[in-house]
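There are structures below to look over.
Paired with subunit B in one complex and with subunit C in the other, subunit A is shared by the two complexes that follow.
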Partner chain A sequence: MSKKIIEKEISIGPVHPALIEPYRIRFFVNDEIVEDCEININMAYRGIERLLEGLPVEKALLITERICGICSNVHAWNSVRVVESGLKIEVPERANYIRVLINEIQRIASHLIFFGHAFEVIGHETFAYRSFLLREVFMDLMAYIGGNRVMPSVPVIGGIRPRADLTDTLKRVILERVNDFEKKYKEYVDRILADPMVMSRLTGVGYLSKEDAIRYHAVGPTCRASGVNYDVRTLMHEYKPFDFEVIVLTEGDNRARIVQRALEIFECLKIIRQVIKNLPEGPVVNRNWTIREMPFTTAYFEAFRGELMHSYALDSQGLIRNYKVRTPTPTNLAAMEKACIGDHITDAVVTIASCDPCLTCCTRIEVVESGKTKVMSDIEIVRKYGWRR
Partner chain B sequence: MEVFLKILIASILAIIISVPYSLILPGIERKIQARIQQRIGPPILTPGLWAVLKFWYKKDVEPVAYLPKFYKSLIIFGIIICIFLFLFSTPYWWQILSWGSVLGLIGMLKLEEFLYVLMGSQSQSFLSTTMPVPDLAKGAKGIGIFREFVEQHSAERAIKMMAVGSLPLYIALIVPFAIAKSGMISDVIKIQNPLYFNSSWFSLPIPSSPIIFTVPGFLSAIVYFIGYVILLNERPFNILKAKVDVIEGGILEYAAKLRAGYYIIRNLMLFILSSIFVTLFIGIPFDPFIPLCMIINIVLSLIMPIALSVFVAFSPIFTFRQIYPTAIGFSAIGAFALIISMI
Partner chain C sequence: MGLKAIARKNAIHAMLIYTGGCNGCDIEVVNAVYSPRYDIEQYRVLLTWNPREADVLIVTGCVTWQMVEPLKKIYSLIPEPKAVVAVGACAINGNVYKNMVGEIGVNEEIFAPVDNIIPVDAKVPGCAPRPEDILMGVVKVIPKLMEAP
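Moving on, here comes the complex of A and B:
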């Protein structure tokens, strides 16, 4: 068996103008071709799980929503889903609809910020700026509904905040904005797909096969663009009332990952229209619950980048114990490294961007002891290696 | 003595006019791009003039180069090369040796291209290999493999661009000379604008048969434009300073006065290549002693930067997968124009 010859290593980051978050990429290359790749994300450790330890569960929202600025609602919602599922708290139907609405609005905003970043990395500033302009519609909608463009703080235990309830005027505004957006967005997507220069940068580059996507546990749009039909929303009872398609493409390249998200936005619009049309009457929050001891409970959610996991237990005083969050990006990291191989360095950076990494919320430390990998909890890490030691 | 004085005064005038004028061009370029992107964009003078002045007064930072003095001197070489490239295209230098010829122009352009190789091979900023990250910890990949700075990789790319990327510009540059069946710029002007050589200082010699309106001239003008974009390292051909990997390439470590100097080089190239285009393809040279002729040259030389800014606004960065076929394809068009021009 011939051994792969690697000429040199080119490392970029964690301080680099193309990386919107601090991470280190080491490319092992022959001339321009990437033969191997190593992505190291342990650059910004925030200790979110440590902060949550011992907090009353009602206050957890203040922190969980701040895990990520792009998917703030996802973290907030999934964090309350854990306690709702663990303590069997019922959520009113109207509240569920509004939770779905704000989530899909934020999903569109997230996908549009992804386009902005991906096209900036490709070097097409015009498409990037157009994407940011389109995104403004949804940032405004989040502010109208939740009162804040980035952290709308809609879900609470047992429903949503009453201020986020939808009035008839708001419903009309949402529909108008969505219809207007859809026209402009269709033109935008058509222009991207018809641009031969952009397509030449994306097509056939950063290939991730279905087998590799499964083997490396790719999640979210990254796996769905490689032909894996997996979307946690199809398993969630919250999404049962809504009719939408899971967009699955089989090409597995950078183009597929971008097109997958582009098409997914149309499905999000479909869900938003269904929410507005079928919004049931009734209360938006259920206050009839008491916090008590809860065993370790886990909730899975389809965040914008893939599967998100939140899990924790409550002690007898209702304080959080052993909070664990697993965001989609660490799950996608191995797939990213795999997809880079065989492409030019400049394309490899686009490949990483096409998997939409969001890193500040996912830093974990792995400790290798005697050849065996040991995954440690935040508390263990802080105790053993942290500043309190 | 009189000839020498005339050359000296013409050169000084050419430099005094071209340098400040070139500092306005980036502002126009950025403004057009911003409007395309539905932004207001910076004030016209900011990216060119004020940026240079701002950097001129910044605190200097010593580059981490193998030969720091040599690395810093490359900027001065660059400015000198640009100025001489421009002077060779102005009428009073045509009579000195054979500098006002295709060889003089191509020689200077090659030197300018080679600067990027030297800059890249010298610079070694802390933004890549020497960033304090424990890459070589136990269990890490690629221990023992040669680790290259991003600037040095940019130098390798600059060599490739010298070999293939800049071909279209040189082929397109030869076409007017092939049509004139001479290597001298004066002969290229003679076939387009015979009135120029007998005109007085206040007259406006209008070209009678500009090369751009011939089939080979038109084809080579298109190829020249692509070459113009390549030589200026602008999108889609800015692989040697691609922000996504090699950041700024060899120029990464230029700070303060040196950075201002680099901007002067870049802005001068933006104008000079455009002015050479007007001289060779339209037949109106930059003559400081015939003001109307000079003004027309300056005004027409806006065509290239404006076209460039529109082109850049709609282009992604090309990798060598796209650059090679594009450069070869446009070189083929240029070669076709060259063949037609010689028939």
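Moving on, here comes the complex of A and C:
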């Protein structure tokens, strides 16, 4: 294929109405049809991996929870899972159930904020408002359990914080709110699927085939909406006691990505009901552990947007060495760029929003050395170049 | 109350700028505007994304070095009278990103307190602050806009 020269470029960002987070998109267009797309994500670089180098592992929870404000519990839990699997720390069964509960509550809140963002970008503000109103149920539950709407800080090494233990009153409240939510949510989803304007805007737009999803390493709901059956939750021993289905759709367009998340919320509700029903008695935290030297250990987790990896080693004093985080969005970026190509420019931002980007946690640094580009982790850069510039 | 103040009072436009941080405060601000439970529009405060028509600038996040210049530029584009609300612990003192570092030392990526870069009128603490507090912070700066000539 000969190399085409594309003349028109439309660039959006870093601060723009369609983008809540700062990132920059460059669309190369030919008469309003997107020919190529490039997403640039390095606006929110905070150097998290550098901050964690040399911190005591108990203290690191404060920073790992603040990697992302939407999926805070996922990062906190996964950083704890690394040290638990590396040092063979037992977790009580009751603590595991409550961790799963708060995780699924946050997953529903995250999917609802996705609806809010996607419908706001489409321009249908009523659906966005209704989605934010439904979300308040779960923000309240997080405040009741953990004490904060956004950062519940439930997992600690060896269990959960005793403050987050579930009382009988709290169990009843959760069940009531969830039942009430499900009734309203069913109406909401029926209303979306019956809306001809919204559906015609979404159907058949932003197509990502199964081959492309595998080739560009799409993860999470983005790949499951393209027909790839991949969910890390099915492999995790924490989720063994629970019965749920992995929702896989085969259409691969914007509508499929929205419907996939809509159906996944019902599975989350199923898990929450099972937690409340089968919650075992017993202690919630195991304090019989000592931190000692740990080799490089890795933990994988199904975050709300896909597969998440945390890995680090501990030295002889229990300080963190070489913390590495790989969040789902960087692997989804290539799939987003691919899905935009061939569609109208007005649909491109909707396509990117439908892949649910969360760009604060995925920022990486690129080092260009004599023309060769190389992506390095923070620690490697500090070792080689010092702090900055 | 002059004619200008009456006109201003009925349409206060707030603009949100997100300068790094973790998204938590950012979503709480959007929540305070869009969620029908909080509904900042009942105080006639509307969310806008255009600095030319904004009156209140809501800043969230610890200012990363890529966002210093955009922040200054957007502040200069807002017409007088204007007010700035710093929302969240990151915007006020840098939170864990600035104050809790390992053995690497000072974090040079964060230019955290927003008042180092632009003047701030109201500060809303919390990690993340509740939407009620954000409403309070925005409503507190409205008199400043009213009294301006």
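As a convention for this text, the second predicted complex is superposed on the first by the 369 of 389 C-alpha atoms of A that agree within 3 Å, B and C clash if a C-alpha of one lies under 4 Å from a C-alpha of the other, contacts with A are read in each partner's own complex, and residues count from 1 in each chain.
Throughout what follows, a contact is a pair of C-beta atoms (placed from the backbone, for glycine too) under 8 Å apart; a residue touches a chain by one contact, two chains touch by 3 or more.
These figures come from a predicted structure and were not determined experimentally.
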| item | value |
| --- | --- |
| Touched partner set for A:133, first subunit B, second subunit C, both or neither | both |
| First, second, both or neither for A:55, with subunit B first and subunit C second | second |
| Partner chain in contact with A:346 - subunit B first, subunit C second, else both or neither | first |
| Partner chain(s) touched by A:122 [first = subunit B, second = subunit C, both, neither] | first |
| Partner chain in contact with A:85 - subunit B first, subunit C second, else both or neither | neither |
| Partner chain(s) touched by A:40 [first = subunit B, second = subunit C, both, neither] | first |
| Partner chain in contact with A:26 - subunit B first, subunit C second, else both or neither | first |
| Subunit B versus subunit C as contact partner of A:15, first or second or both or neither | both |
| Touching both subunit B and subunit C, residues of subunit A | 14-17, 43, 125, 129, 133 |
| Sites on subunit B touched by subunit A in the complex | 33, 36-39, 127-129, 131, 133, 135, 139-142, 145-148, 150, 153, 156, 235-236, 238-239, 242-245, 247, 313-322 |
| Subunit A partner contacts - residues on subunit C that touch it in the complex | 17-28, 30-31, 34-37, 49-50, 61-62, 64-67, 70, 74, 95-97, 100-104, 107-110, 127-128, 130 |
| Subunit B-touching residues of subunit A, taken from the complex the two chains share | 6-18, 24, 26, 28, 31-32, 36, 38, 40, 43, 119, 121-126, 129-130, 133, 195, 197-198, 200-201, 344-347, 349-350, 368 |
| In the complex with subunit C, residue positions of subunit A that touch it | 14-17, 20-22, 42-48, 50-55, 59, 62-63, 66-70, 72, 113, 116, 120, 125, 128-129, 132-133, 135-136, 139, 148-151, 319-320, 358, 360-361, 382, 387-388 |
